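A single structure is presented below for examination.
Chain IDs A, B, C and D follow the sequence of writing; residue 1 opens each chain.
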Amino acid sequence: MIVVMKRDATDAMIQKTVRRIEQMGLKAHIIVGTERTVIAAIGEKRNGERETLVSCDEVEKVVPILAPYKVASTEAKAEPTVVRSRDLVIGGGHIGVIAGPCSVESEEQIVEIAEQVKLAGATGLRGGAFKPRTSPYSFQGLKEQGLKLLAIAREATGLAVVTEVMTPAHVEMVANYADVLQIGARNMQNYPLLQAVGETELPILIKRGPSATIDEFLLAAEYVLDQGNRQVILCERGIRTFEAHTRFTLPLATVPYLHERTHLPVIVDPSHGTGIASLVPPMCAAAIAAGTDGLLLEVHPDPSRALSDGAQSLTPQVFAETMVTCRKVAEALGRAPMDVSA
Amino acid sequence: MIVVMKRDATDAMIQKTVRRIEQMGLKAHIIVGTERTVIAAIGEKRNGERETLVSCDEVEKVVPILAPYKVASTEAKAEPTVVRSRDLVIGGGHIGVIAGPCSVESEEQIVEIAEQVKLAGATGLRGGAFKPRTSPYSFQGLKEQGLKLLAIAREATGLAVVTEVMTPAHVEMVANYADVLQIGARNMQNYPLLQAVGETELPILIKRGPSATIDEFLLAAEYVLDQGNRQVILCERGIRTFEAHTRFTLPLATVPYLHERTHLPVIVDPSHGTGIASLVPPMCAAAIAAGTDGLLLEVHPDPSRALSDGAQSLTPQVFAETMVTCRKVAEALGRAPMDVSA
Amino acid sequence: MIVVMKRDATDAMIQKTVRRIEQMGLKAHIIVGTERTVIAAIGEKRNGERETLVSCDEVEKVVPILAPYKVASTEAKAEPTVVRSRDLVIGGGHIGVIAGPCSVESEEQIVEIAEQVKLAGATGLRGGAFKPRTSPYSFQGLKEQGLKLLAIAREATGLAVVTEVMTPAHVEMVANYADVLQIGARNMQNYPLLQAVGETELPILIKRGPSATIDEFLLAAEYVLDQGNRQVILCERGIRTFEAHTRFTLPLATVPYLHERTHLPVIVDPSHGTGIASLVPPMCAAAIAAGTDGLLLEVHPDPSRALSDGAQSLTPQVFAETMVTCRKVAEALGRAPMDVSA
Amino acid sequence: MIVVMKRDATDAMIQKTVRRIEQMGLKAHIIVGTERTVIAAIGEKRNGERETLVSCDEVEKVVPILAPYKVASTEAKAEPTVVRSRDLVIGGGHIGVIAGPCSVESEEQIVEIAEQVKLAGATGLRGGAFKPRTSPYSFQGLKEQGLKLLAIAREATGLAVVTEVMTPAHVEMVANYADVLQIGARNMQNYPLLQAVGETELPILIKRGPSATIDEFLLAAEYVLDQGNRQVILCERGIRTFEAHTRFTLPLATVPYLHERTHLPVIVDPSHGTGIASLVPPMCAAAIAAGTDGLLLEVHPDPSRALSDGAQSLTPQVFAETMVTCRKVAEALGRAPMDVSA
């Protein structure tokens, strides 16, 4: 890291900082500039050295050179990670589509929608059994009963079940039913939960928190990876900005940017990313064109009767049309077919 | 709520929407405007009706009239809630100051700092035993050992111990040692955790998430209140914006705004809100002037040796000077003395 | 608009508000709810009535029903506006590509790049002669000499020249050389400038300000339209958010959202929207897939020697490859060919 | 500046970059780290060198060490700049209060309000004659007639007139009537305007743009300073964030932060910063406590009849009470009296 000294730092202060750097087991390299002295600390270890130095009075700022994440980085592993579960394949050129309702509402609903999204090309089924809701007065999900219904829908269709787990105490139960465990955006920095799912052998889908930086997002993945679970999918689902016309702001540049930084696959959730059903199809096509490894989509047989997120859910028919469009874009770009297992 | 129909909505569509509103147990009131028809739905119940209506094709938007929170609102209870724990009194005119290190590091450190902050006027002691850290490679806290050290510091000083609990499984353990349970910013929407602390009889301090709206913040409190625990303290600790020169952006207008909306006390954390020690004293004075019910501050005997958050920690001496200034501002505004139990 | 009265508003206050609404020439319609009284004001005129009402003590909030823009709205004109200038055609299904360097640097540079971008399929040539630079110490453009070089490049290629005008006093001069006048993001709310370009007969390309809401963006267009100039192109170029890894955050959902609200064409500038050359090609493809009516791109023969914006400029070769990809996506989506005049 | 090479940069690439740095007249200093090579470029000149280097393929990032502004920095001039105009004194410990209506509406209105704000302690009179309005259909100000009325109010009271100039062509006219020229938030990066006011001999008050970084804000001041006009006042008036309950988010930490970086005085506008009249008094007191050099406030004899910004205007009575409170806070902090010329 680069330690920039204050303009009026004396030689004694500079020497004191050098000693502190050396006590950290790093090599210090002094560079005397025209207006500032700068010290390069070589051998950065990413364990809080930066914080310590920045709190010294004589230090103006500390600039990290290395990214704070390790295992997730393309430097640790160059080839893309491919996550597979049943026919769902995400990463390494494969585009996996996970679709389904916001909440599991009944056996009839989830089986019907599973069959419809499978027919249109999805290989993963989403559906919330445990629902984190902003208000305690909103529908909170069918809980374990919802998980059972998801398992029934999987039986019927073969789709990989992707569902959210909200707290460490539920990890074992949800893992009994799910094929992929989802960490919701509100829990992206719930570290006990990340550690708990990191101990399972299931793939983990982590949704980006609405105010998470890219570094924070990758460090959340790092919590899972650090437990030995290397099957992590990153999901961009929109960030919170001043824009109020959409529910969140969906920054698709995250996709190619992450592809430069990490080997983990990156998928996009345009349902939450826009919050408006009519914007979802064009943003699906755009995500494919931007290079996404997959899509996470809300589809409901009758959005106006959905118990949650109706405003952003596609009808099965619009979903099917969207899949046709996405497939065309993927083919035009020479990407792998979207709905075939690999 | 107000349902705005699309410009080209036909009479049949309007009638369909009216029926849907009536099925919800609400009264519908049609208003034909010059360019739009609008339907007022009277008797709003805050249970997801809005979501359902907004997903109907013929509806352009739905505008809620009532706030989504209930128990937290000044309409439910006009007089300010006063939270008391030992000599710490927050709300109803009382200003409580909670100070201490980011992390508990050793018995010597925590007892020394507790004595120093008490001497300067604090009535609460903060100190992290379980530390949520962005990176899995950073110091994660002393855990239960840290709680024990906090209890020793309480013994020595009588200060009320305020410490974070990160996951439902730890609530009982942390509650055995703490006087006030803190919900960190990353966990503001960790609903199982909010419910678990809501079941204790301790006061709960909830830190605002960095991208939480005011409604979301109050609904997080509502999760606790809904469990029957009415001792909730709200803490503004800065939001994430494009500003990069400070760690977060500290919007002090939240204080008077919340005072108009809720009876719950509102405190401010300028340490996280700025991330820069030199900005903390002026922002403490500003928070008092804005009407805050308390301050949450990081103080460390030697910030440059802190295991976390050194850059934003005050030295005990600067903390003492800051308290003198805050007391002067409080007195100038005719507010209650800051360091006296009530 | 909908006027929500405070909970404790008396009948007298309600009647006073009704009178105030009627004095504005509007009809007032009282709706008594369970917790609030609401007054619908019918005949909204968008002239500041809302502001006046919201400042009344007894009024809690005022919710507008109609959008504040008029001429730009799809309600005023359903069919898409097509802007044409030489072979550049934008809107109504046509995708126009405007490419060139950030700044005009020399005759050789601008003519060479013009020929190269034309060859690859661009029909518009961008190039700054008057450069708004954040620092007064940065290169400010060649000014009128730059305009002359742009005219020479147009002679050589037939491309339509798109260039920025920064202040009303320059409008006439720039209009003598340019085919399309560009209003930069920093000037999106420079109303005297918008009015001045609105008086010309040239098409006007307005870049979205980095913190402009959609309503503010459309109202900026409305300033131009209001002068009688109906040839306005809207350009999404990224907004300012907490994301620091890209220069701005590029919200492509703006494209389909604006298409629902306005008949004006919407183009995208991924060069400024990302600030990183490697992210530009995938975001071009994504913009096409999202339905953009055009692209505005920075291309420089040697980005590392550019006098401005080198980091986000494509080489001519990468630009040509990007055009091939974009054309494939456009064809896959059944959109009009991109480089053919219509 | 610090040039961080890509991980796979070869020796040849490193040498190429060194040569490029040397061609800029800078000294290059190579530091070989464990994972990266870094080059310190000594003698930074702030003329675009950074941009050039960052666009080189082999360079990962370029970190500036020096701030981009010069004349505005505390390094160029340590002692605070004090701006004086008539009895208005801002900076160097003096707190100047500028109050008045958003728009000048009539002679009676402006003279009455001028007398009232003077009585309560203001030494500056604000009032818009040229009004930048988001909508072309809103009241645009009385223009030169408004300037004449401001001059009449100054005659009557002796208050220094602070009013906005929107475009270079009006600078001379506005300067004939005004004591201080205001650059509005929308024009903070209108460089021709900044240069034009920089050529006058009047003090210039620059409002921060709602998405301007601190560097951009100081560089806007630098445009004025660079013309030789050293009487610049910076005004924090709120930034645009995701918070929708207030009109803007008012980050008071800007005040102490800027005081560390610049000698220019910093004032606060809580009227625009909150947009809600009831929040203005506490935020005025908070701004004083945070160390502001002045306040800019909207006061209107009858806010509900204001032609603009009624919702955020104080009545003269509330303004007078607010001044009493602010004076108490200033005295408690040992600051100079607020309403006495110096």
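Operating definition for what follows: a residue touches a chain if its C-beta (ideal position, glycine included) is under 8 Å from a C-beta of that chain, and two chains touch if they have at least 3 such contacts.
Everything numeric here is computed off the predicted structure, so don't read it as measured data.
When the interfaces A-B and A-D are ranked by how many C-beta pairs touch across them, A-B comes first.
Rounded to whole angstrom units, the spacing between the C-alpha centres of chain A and chain B is 26. Computed from the mean C-alpha positions, the centre of chain B lies at a distance of 31 Å from the centre of chain D.
Per-chain CA centroids place chain A at a distance of 39 Å from chain D.
Those residues of chain B in touch with two or more other chains are numbered 211, 239-242, 244. Taken as a graph of touching chains, this assembly is fully connected, with contact between every pair of chains.
Considering their complex, residues 2, 4, 7, 29, 31-36, 38, 40, 42-44, 63, 65-66, 75, 240-242, 244 of chain A touch chain D. The touching residues of chain A, when paired with chain C in their complex, are 211, 213-214, 239, 241-246, 249-253, 255-257, 260, 273-274, 276, 278-279, 282-283, 285-291, 325, 328-329, 331-333. Contact residues of chain C toward chain D in the complex are 20, 46-48, 51-57, 68-70, 132-139, 166-169, 186-187, 189-193, 209-211, 215-216, 219, 222-223, 226, 239-240, 277, 303-313.
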